[in-house]
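Note sheet for the following structure.
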């Protein structure tokens, strides 16, 4: 099968699949939390491209794409941004408190987990 | 083109607006709270709780009165273009349970935050009220959602309400726990969203009812469901994706732990149930059920043992949560329907639902009792709690009663639930599941008695409370524990109610 | 005409993206940001060309946004850089 | 008339594209960061400017043309300040002991 | 030619993502991510989703990049680099991710043809809303509940971020810049925002009938506000200020109010009265734009880092 026969929508859909894989890899395999947050964003971008492929394929009724998944992607991008902001704020707070930016450093878990 | 199901899958019912209220009222409370002076946040929360509780009761009453599911089509835009809300018997049960646990937690928190006069309108109390109400809205939205993308937004709302709850006291460990929780939850939501995208691309609709009707399988459907279920499992903290839960739930303030453990993780479980029962084609549902049951059984065994080995009370309760959630997953093969019987007509279905509800009450009671204990003595190391039953008899009683339900000892909701599950396991020929249920009960007895034993012990130096605890706080925990027990006295009533709104199962079963 | 526009867009994108990849490996952070800046401008040019190729006027708005936000992220970048160099002595975090 | 406009467009767009090439080459080949910065801001300004100029005759409406000019104006502002900011960072770097 | 362009875009996107995965330092990864956002915006225009392209260009490349860069600048003085996971862990993760990507690719390739679509349904219903942009119609009419909940998600994220402030700083103002801004920055902070506001107003207005809308407009405004604060032209507001709170919830409250008014004057929650839909939607969008701008800006600004004035 030649690449040219794929069409823009499918091509970007496949790109989305690959991006999701790469993003997932960053999230799983990187210890640095900031990098993981970037990984989440790439994973999100891949997912949105899958939606985008569905949208482009659904061009009909005079529209160049199905508006419903497009709207979902817009909602998703905004939600992903707020997730990033919350994660970054938590990370900065953790850094301020402990001076580290990963979760698997010498744990303060057992020594004196004080009471609420 | 995939034929779209007939336009009127969802017919709005007269009481449908109640569902809108259930979803929006708590959020309106949050908005109001952002504007009013911080010291009024509590009043706003309590008023909202009263309204929400009334709404929940009205939903249940309406369901019983009409004998059918409540449906609402938002804005009059029919799915698949628009979004529908729907509450069947199970959803209504969840809504009612949520309302009760949230209200109890709210009353508890009101008392607890009143103990520290300096920070009444400080950071933690003010934020807590907003997050609590937002959690409520999110949970209701999950329970009544019919559209998979709408459910995604609801799940994210839940995440964003739950994560800050974990680190409300601002210690480094809790911030780390919250961050880990956020990572798992985000990964879960994104996998879920990915599945949603694939489903839309394949079927052009995200309405669960419609998806359940076009049940032609395909690689896209399998991949989508697998992704969604794995994502939801990460949120539900099923073994081996449970690593985030114990530190998060143990580190949160007591009132927050109660909500997180009793309610928040039920939302993804509920969604998995809906995906497997409503959308998955039969053979895939059976396979998924088997895998989920294996994971559930491992959860029960592994995390019960972990609970036994914990030195801190709240960590022990948190591990117990993962174990108890495991029971909900062994329901899948047990409730597998056949030609004669739909899944929701089996006793395992009732058992599972009962387990869900009784665990919510029992676990909330336990965390609140543990919160009282930690507040009174300034720590929650089990070994150093000898004789706490003399100082805080009501909390000890609440803990013990809730423990009965977790163990599955009569009379309690947990007993009925586990008894039904056990019977189903034996009848359906799943001996190893039956063995797991029994073993889980024994292990639960082990960790509960470890605490009860401490409560009744007579230490060399008598334990003294560092600060007085108002009776009211303890009574809230006790009330929740009693509710978990009382569920044991209404064993057969849920049968009919839980089937309401399930297709083809309405005739003659409405109570 | 449309094909020529698309071709020009492809050319500009290729050139700027190749520059970016070359520079991303460099150790000098400032140069990387410069390359991103170049990609932003190139991207805006490409969007304009593609808009002309498909005669969709809304594409100009995308280019507007790209230019606007490219300036902002460049500014955010330099503010991080300068705060880094200036604060090196007084990096004490405001501890809780 | 249209052919004249088209020819103008082609020439301008072609020159603009070549300027982007020149800018990138400068970014890659020039010896030090400051002269690279110089190359880059030239390409930014002139390249985009030429393309905007070339596309102006193709604009379907006055508003469309106005927006094109706006894009170029924004590019001017951001390129000018961005290169100053970056140069400032470089300067502070250099002067740092 | 267009195919070639698509292929090139896809290749660069993938290459940039891989660069993010492999870059040694976080800053390089983030810069690559910003470039990724730029190219992704282009990719969305190739998918004929101009609305999404604008959102991606504004949020994905712009404001997210800003957020990450700021975080990286602050974390740069970290004590130790996190240890890298073991090679075997990485290999296992790589295999798992390849499997997921392959499954996804398979699913994407098996999308039915002709594709199922709601475009005809959306088009048919468009008339009753009076809008010209179907995406806006989906966001604010057909699926208004999603948008409404998503607004709450934004506010909740903000509440979560605020709750991370130390106790004694609760209610105070976030601080975006400790040092004096250099003169070119101040210049940019003076000259760009008027353009930005103009563009935002235009986006919000045009969104009813053409690509654009409240999100894009709000993001642009947020970026401009952040620029002003970064240039130290205006300080960040104290988070406890009542006017700020009112503006924050204004959009969602209006949205809810219109939703509930639907019970009285139309078919129920979030339905608009016949004929008046478009002005109502434009009104909601205008109010939402302000709320979104403030929320996004404050999300980037972070929790308060100065004690509130007594």
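Note that the chains are named A, B, C, D and E in the order they appear, and that numbering of residues resets to 1 at the start of each chain.
Following the convention adopted for this analysis, a contact is a pair of C-beta atoms (placed from the backbone, for glycine too) under 8 Å apart; a residue touches a chain by one contact, two chains touch by 3 or more.
No experiment lies behind these values; they were computed from the predicted model shown.
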| item | value |
| --- | --- |
| Joint neighbours of chain D and chain B, given as chain labels | E |
| Chain of greatest Cα-centre distance to chain D | B |
| By number of C-beta contact pairs, the top two chains | A-E |
| Chain D and chain E: spacing of chain centres that average the CA atoms, whole Å | 27 |
| Approximate Å spacing (C-alpha centroids) for the pair chain A, chain C | 21 |
| Distance between the centres, which are taken as Cα means, of chain D and chain C, whole angstrom | 12 |
| Whole-Å gap between the CA centroids of chain C and chain E | 18 |
| Shared interface positions of chain C, touching two or more other chains | 33, 35, 61, 64, 68, 70-71, 75, 78, 81-82, 86, 94-96 |
| Sites on chain D at which at least two other chains make contact | 70, 74, 77-78, 81, 85, 88 |
| Per-residue overlap in chain B, given as positions that touch at least 2 other chains | 81, 149, 153, 156, 160, 163-164, 167, 170, 175, 194, 198, 201, 204 |
| Interface residues, chain E side, partner chain C - complex | 1-2, 4-5, 8-9, 12, 15, 19, 23, 27-28, 31-32, 34-35, 38-39, 41-42, 45-46, 50, 53-54, 57-58, 61-63, 65-66, 69-70, 72-74, 76-77, 166-169, 177-179, 181-182, 185, 188, 192, 195-196, 199, 203, 206, 210-212, 216, 220, 223-224, 226-227, 230, 305 |
| Contact footprint of chain B on chain A as seen in their complex | 13, 20, 27, 33, 36, 40, 43-44, 47, 50-51, 53-54, 57-58, 66, 68-69, 72, 75-76, 79, 82-83, 86-87, 90-91, 93-94, 97-98, 103, 108-109, 113-116 |
| Touching residues on chain D, where the partner in the complex is chain E | 70, 73-74, 77-78, 81, 84-85, 88 |
| Chain D-touching residues of chain C, taken from the complex the two chains share | 1, 4-5, 8, 11-12, 15-16, 18-19, 22-23, 28, 30-31, 33-35, 37-38, 41-42, 44-45, 48-49, 52, 55, 57, 60-61, 63-64, 67-68, 70-71, 74-75, 78, 81-82, 85-86 |
| Complex contacts: residues of chain E adjacent to chain A | 2-3, 6-7, 10, 13-14, 17-18, 20-21, 26, 29-30, 33, 36, 40, 43-44, 46-49, 51-52, 55-56, 59-60, 63-64, 67-68, 71-72, 74-75, 78-85, 89-90, 93-94, 96-98, 100-102, 104-105, 107-109, 111, 113, 115-120, 122-124, 134-135, 137-139, 142-143, 146-147, 150, 153-154, 157-158, 160-161, 164, 215, 292, 296, 299-300, 302-303 |
